[in-house]
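So that you can tell them apart, the chains are marked A, B, C and D in the order they are listed, and the count of residues begins at 1 in each.
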Amino acid sequence: MSEALRKTVDFEARARQVLSQVPLLSAKEVEVTFSLRGQKLTAIRRASLDLYEGETLAIVGESGSGKSVFTKCFVGMLDKNGSITHGSIEYEGQDLTQFREQDWLRIRGRKIAMVTQDPMTSLNPLKTIGKQIQESVELHQGLRGLAAKKETLRILEAVGIPNPEVRYKQYPHEFSGGMRQRVVIATAVACKPQILICDEPTTALDVTIQAQILDLIRRLQREQNMTIIYITHDLGVVANVADRVAVMYAGQIIEIGMANEVFFDPWHPYTWALLSALPQLGVKGEKLPAIDGTPPNLFNKIQGDAFAPRNRHALNIDFLEEPPMYEVTATHQVKAWLRDPRAPKVEQPKSILRLSEQSQKSEIDTGASHPHLDPNREALIEVKNMQVTFGTGRRKFIAVDDVNFTIYKGETFSLVGESGSGKTTIGRAIVRINPITGGEVLFRGERISGKISRELDTKVIRSMQMIFQDPMASLNERAKVDYIVSEGLINFHMYKDEHDRQDKVQKALQEVGLLPEFSSRFPHEFSGGQRQRIGIARSLIMQPEFIVADEPISALDVSIRAQVLNLLNDLKKSRSLTYLFIAHDLSVVRFISDRIAVIHKGRIVELAESEELFLHPLHPYTKALLSAVPNPNPYVERAKSLLVYDPTVHDYRVDKPVWEEILPGHFVYGNARELDGYRREVEL
Amino acid sequence: MKKLISLLLSLAMLLSVASMAGAAEITELHTYETQAREVETWNVLKSQKATDNNVMVNLVDGLLTNNNKGELIPAAAKEWYTEDGGATWTFKLNEGMVWCDQAGNVKAPVKASDWLWGMEWVLNFAKNDATNTSMPFQMVKGAQEYYNYTKELCDTEGVEAAKALELEKFSEMVGVKAVDDTTLVYTATYPMSYFPTVCTYTCFYPLSDGLLAEIGVDGYRAAEPATIWYSGPYIMESFIAGNEKVFVQNPNYFYASDTEGHKRFERIIIKMIESQDVAYQLFQTGELDHCTLSPSNLTTIYNNPSNEFHKNLVEARPTKYSYQIHFNFDKLFEDGTPDENWNKAVANEAFRQLWYYGLDLTEYLRTLNAINPLACVNYAYSANRVAVKSDGTDYAALVVAGQGLSYDSDTFMRYNPDKAAELKAKAIEELTAAGVTFPISVDYYIAGGNQTQLDSANALKQTISDYIGDDFMALNILTYVSSLSKEVAAAHKASIYINGWGADFGDPINFLSQETYGEDGAYYTNTYSFANNATDEQLIATYKEFTELTNAAHAITDDNDARYDAFAKAELYMMEHALCVPIYYDVQWELTCVNDYTKVYTPYGSQTYRYINWETNSDIYTTEDYAAFAAAAQ
Amino acid sequence: MAKYLIKRLLQSVITILLIVSAVFLLMRLMPTDYYFSEDELMKLTEEQKNARLEAEGLLDPPLVQLGNFLVRLARFDLGTSRRIQMNKPVVDVIGSRFEISMRIGLIALGIALVVGVVMGVLQARFKDRTIDHIGTGYTVFVNAVPHLVSYSLVLVFGARLLGLPSLYSVRKVQESSVLPIVCLALTSIAGYMLWTRRYMVDELNKDYIRLAKLKGLNSRQIMFRHVLKNAFVPLAQYLPYSILMTVGGSLLVEKFFSVPGMGPLLTDAISRYDTNVVQGCVLLYATLGVLGVLLGDLLMVLIDPRITLGGKEETR
Amino acid sequence: MKKQLKKTVQELEQPNVDLSVDYTAVDQEPQKQRPMGREYPLARNRMPEKQLFEFAEYKSMDAERISYSNYSYWKSVWQNFLKKKPAVIMSVIFILLIIFTFIAPLISKYTIETARIDYDKMFTSPNGEYWFGTDNMGRDYWCQVWHATRTSIFLAVLVAAGEIILGTIIGLLWGYVRSLDRFFTELYNFINNVPTIIYMTLIALMVGKSFLVMALAMIFFNWLSTARNVRNLVLMYRDREYNLASRCLGTSIGRILAKNILPYLVSVIILRLALAIPGTIAYETTLTYLGLMDVTRPSLGILLRNARTYFLDYPYLLIFPAGIVSIITITFYLVGNAFSDACDPRNHV
């Protein structure tokens, strides 16, 4: 890593600052239990945390790690069935754990505010956003009437909402997700709190918007000198915002330290595993180091280190006793037996080292084949001038417009775009879930869109399958795995007898790395990754040639993603599958795809080979997208300059845009003038 | 103010003292009607339902009315007579009678020609849709011809032409003449002594040409309390359909000054209530001045000596209806095929007589009158008092006596166990020979939603089972949806019917002619018993004999006593051969502040609910009071 | 907007016409004997009956009759009553009644709305506390005991203990309306309570309430500033329908207390085969029903900024 | 041991996604409730300290194992239901009630056929001879009440089941098949915009009031709300990904409805079914009052209507049938709620 880069953030100075302070808020040995239908769930298992004034502390962990619950204790927002059963939270000389509802009214909002996760549901749909922000202003700044409105307008402006006067009178549904999140932030900021807790504020947003919101939070912190607790599962985001990072697992903080320490010198195997599993750090064509299994069930009593069963570096003692906090540096503590002097010496994994070297390099020739460059390539899917519209009349909405591409046999073709860009629609149109309203889709040269014969229909169904985004929603909760996996078999009676069917189901389960005995269970017993693999097994059993994978990992936890990515890659090899991979996360796409198409507002704006696209993006939208990709290196991440795509730069009124192959295999959408510009860019 | 309050207080005290002293007459009568029976028309000439007539007779005066003894008394006509043995009848009208509107404004004098207009209206197809034409057809010369004339006029020249008809053609064709403004002459179709009784019926009511001129034909067709003219004792002050009707005194009533002979209420409020049971509740809360008791309420009060109304139970007078069991001689199954088993059985005289002699109906009658079932006993086909011989003997009593029966008995006299056993044996023998199978199923229909009918049907069933035996025949209770005549009778579906007939005028012919064989006007024969379709020779012969006897009696027009004796002979013949079986009179129990014995009490016509000369008492009448009234009435 | 409204109105008119036509044809399925009262059947000769039927066009084929009926309907001519109030225009027959139904219905609705919503709010506010249990108990009771029985209880206690008139009376409108109103309200209170509570609890579990709480609002502020209005929205959609439907009256209550309203009119008209009145009533009910739905949708547009006209096909 | 110690991090770092693990060994372990993670030799508790700090053996498939719950959806539903004591108690009472409707006539002196009209015994209060007293005609009330209970429950179950089945089928098609939406919506508006009592009156007058006719009529007009409810739920589930997946797999509409959607509606359907039963009894009472039910077959509605007029003097005539109606209503209210809660897998632990 270059020295220049290292200078972007001075973590050492921040560390000194932290060490010199008395904690602003200090949580000690906090234990939170929930009673759920007669059972006790210990969500937080004696976690301790100090928060220092002016810092940004990121709490990172998978879902269920307790990061959200933990911070809810700081604002007294635990759900009704939960209670703090041990420990104390000191703030301004008071113990927050002893607070009753009236006491919280003095703290909540006024001193500690919180930004919640889902901006789509966090605002009252029936009140104008102005009123909702003004409510905070009036309550906490003591302003009334016009003064309050003025302040509200100022805040709106401050959180980057243009035309505040107009927006003031609008209702939440008139705002996009990103804008709504700004409003939510505004309501929190309007309280002028000392501490702001941001609970995954960008999870539901697109990368470009996420980057903007992160910028905003950083700016607001600077301007208002707030202390921020930032909760996320995304290490890239952590790298972007955090001074200090706390890693949570199974209700405990297992490693905490300055951001540079945690990213470059982590000591808990779980932190290692989390970082290693990032596709950004993976080597194309190789397996990603995945964490097997799933986090522990907190209903059960946990003995020893909660991570032990999944830990490749587990010591025997890990299964017996909970490790104490070991100090690595004054600011860096780790809860791992590996730091015990008695423990065997181990080195940090290679990929961690790669991170500190900032070596996310192009490794184009890793032995992967390039079927699209093969002159004997076989076009499997051809999409010609595809148009998909929804609704009719005034409510007609064009989701996909004039889209052209070809997928060759054996490749992984990715479609990247933000939510609402139409990428899923394209995928669904190809597998014929959504009817297309214009153009056509060819499968092995045969038209499969529109009305087709029964035989072809059967053939298409059997050769093309889809993997869905949300493993929680894509499995029928009321059917056993056995039925789910064999559904296709049953439909086409693709088995000899009952025994044969069960046999096939078990083989399919084994192929995706699941135990055959799972076939008699119901989906809700499985974790997200396992469910996603059941979904894959369901598709595989049809022996398809082509699979549309619609964001198959975006709903999964970081530690689980790698499992699924590896599986998809393995299957591609063993079954010579062709994928259409739909994603919004560019780092994943880069890791898995051969070619990438970038889609924006229903149109493909650029299509190129994966590395080509990353190295030489042409279309401004592609550039903006790439600039927003979070990088798990805090220095790099903070140094990056964000490009914002402004669609108004295109002037297509006279000069009509075309879909042009600028370089062999590199297509871009633009009018003659723009294309010229791109060509010049390429030549440079 | 103080003065007013003290005045009111003393008034209130006075009133309470007065009420303690008892014997205060009610000036404002609260009475009721059940919901299904709301008035449908305010056009008196169109009205034919009892509920409509009950109201209308108080608003418009006909020629004659009745008193509490059933006698004819003057209304609009002060005297009436025939000079030719009943062929023509002359009515002399009161002078100075007027029509007034709802507000009491005098609109026109009542003239003899008003009765011509009235009759014209009834007979004019375009005006009255053929409603109420049957009696004029029978009684008034030329009536049918005039009806046919208007009907044809409708077809040839249109409805409006018929509606525009005035009296020229009518006077020419129909036997009604206005000799002068106060003299009216009717020409009957044949000499009849009972013609005046016909004149109490609403289709013989007047219609002022002035009213017609004012609201037009269509206006009168859609008459309302606010648009009609009044000449009767009361004016309909307000009418809320489905809720209440309020009568007030007509200030222009001809007999208004005669407060003794024509005593009227200040105000009468008729409430519409949902069912009979509600009436008792309202009586308890003082919202009604009388109520008829359902069997259950009656028993409750009767069995509990400490009940507040225990001493107030009084038995009402029988209604004008006489109820009979009618046999269906041409019963069809649901699918339209004849029910041979029943038809053969019912054609057998012994079988029918078994119904007559073999049933002790006391228990059955208790569904009507739980305390005194024998008060309901009916041994004759014709209703009591419908005609009276010159020596004062009631016509129906002749029939009862002719059977050797009497109402003065503490048993159900008609029941004769020995004869019943004999008849049963005979019936079994004969019917078995005829191929009838036992038990004979007797299909009996009740209204589907009517609990009272179900209860009494069950009682009848139990009686049949007890006295005749399930092995011989069994009552099969079935239900109809909304109309007995339309759903059941028209389809010949029931084996027996229990019907009540209330006379339209005062002569036995009105009863017996409903049962004759082979005649168009015989209502029961044609619509219920279907005797004309019977195939059994003996039955037909019996029917023919009965018909001959009836017609012979009807032919006697010059001597009423002989006429009635002849009718009694016919009726006795019918009883003897059990062509139908009299079953009950409707005698109910009530709690009341009204002396029923002072009400109009007539066995025919529609004058029963004229609120004239009613004796009332703000204290509820006691059982003793009524016993005294009944004794006095005997 | 206007275009959408016109389209909706046209659709509504078609629905109404379909309903009325269907009922018209159904009535024509009954044998013509039903056209006559029992007395008429007894006293009219066959020729007279046929003459009557012919004069009124009842011997024509049903579809011809329907055509004639629709033509008359287009001229807003509903004909006259035959049996309920002979020869009186149907419009007058209905007109005299619906006002009474509406008055009683609206008052009962108002009471039910106020009491029900307040109770529902309290129940939601104090969920799982005594008042919530009382409310739930009431709801269960109202549903568990057949209305007929509870009305009888109301009638007896109202009339015996409080001395209120047990029958509706035009001369004592106020006192005599009390019991019918109470009966109507008693049952609908339970409904409003149930739904208000449910919607309130739904709203209270929403994310934006969390945000409001995080702003530092206390629970009373949250209730009044946020939850109430939002919880009322789903109730409001059915409000116009409920208000309009008060015109229809309650069959049971009106029969029970002899209220001369719309409730029993239609069943009476059907059972007496007063076809014109039946058609008039059905037309009224259908119009009010369809209009109620339409107004409900419009109301939603007014109070819920998310909903725009034509944005969503609203059906009930 | 020594070898294991030497295991380097580099080796360990190799992703272990060896999918060809021998499952049989795992499979044959006794399937019982076991804590999360592996089972470890007891010996580990007594390991010397040195050994404690050695690397443990790593089994990738063990990490994959989930705690085996021997789960069955309906079994869980049942178990959850059994936890709701009031509902269980009420349903036991209800079942006893039904059984009793059959036993009652056997143990009493009278049956509905043999109960005689006897005016001397009318309104006898309950006693040793007449356990529920006698009615207004001196007939034994006991046999009438139980006979009526049986009739009413039969009617209620028939109607409720009918309307739920019809409503569910129509609702499923209405919600899932887009082209039918318009038709059913219009049909719904058509029927729903006029109070059903009108249709009931028409039917009662034109077709009849018999038990079967009215039951069919009730079914025919009551399916609407169920269908609408189901339809709205179907709309919620229709475009869920698992349905898209089924469509991708070529599953027919019928199977998707039956296998993918219907099971999700079970709780709602059961709730509606449970509430439809007391609803039908209440409706029947109203219809009886309006004279639209055939009275020849005694039902609770008929008894209530009759008792209504003299319950002040003879409260027992009202109390017995009203009590039974209340038991039925409350039972189904509780059972319906308990069952629909139990059907919700989120409540399955």
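Simple rule for what comes next: contacts are C-beta pairs under 8 Å (C-beta built on N, C-alpha and C of every residue); 3 or more make two chains touch, one makes a residue touch a chain.
Keep in mind that this is a model prediction, so the values were computed, not measured.
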| item | value |
| --- | --- |
| Per Cα centroids, the chain farthest from subunit D | B |
| Centre-most chain, if every chain is reduced to its averaged C-alpha atoms | C |
| B-C compared against B-D, more contacting pairs | B-C |
| Cα-centroid distance, subunit B relative to subunit C, in whole angstrom | 40 |
| Mean-CA-position distance for subunit D and subunit B (Å) | 57 |
| CA centroid of subunit C to CA centroid of subunit D, Å | 30 |
| Cα-centroid distance, subunit A relative to subunit C, in whole angstrom | 52 |
| In subunit C, residues with contacts to at least two other chains | 156, 255, 271 |
| Interface hub residues of subunit B, defined as touching at least two other chains | 278, 281, 482 |
| Subunit C-facing residues of subunit D, complex | 185-186, 188-190, 192-195, 197-198, 201-202, 205-206, 228, 278, 281-282, 285-286, 289-290, 301, 304-305, 308, 311-312, 318, 322, 325-326, 329-330, 333 |
| Interfacial residue positions of subunit D with respect to subunit A in the complex | 5, 9-10, 12-17, 19, 23, 26-27, 31, 35-38, 40, 44-45, 47, 49-56, 58, 60-69, 71, 73, 240-242, 244-252, 255, 259-260, 263-264, 345, 347-349 |
| Subunit C residues within the subunit D interface of the complex | 15-16, 18-19, 22-23, 26-27, 29-30, 140, 143-149, 152, 156, 248, 251-252, 255, 266-267, 270-271, 281-282, 285-286, 289-290, 293, 315-316 |
| Complex contacts: residues of subunit D adjacent to subunit B | 116-117, 119, 122-123, 136-137, 204-210, 288, 290-296, 302, 305-306, 308-310, 313-314 |
| Subunit D contact footprint on subunit B (complex, rising order) | 275, 277-278, 280-281, 294-297, 299-300, 303, 363, 366-367, 370, 446, 448-451, 454-455, 458-459, 462, 477, 479, 481-482 |
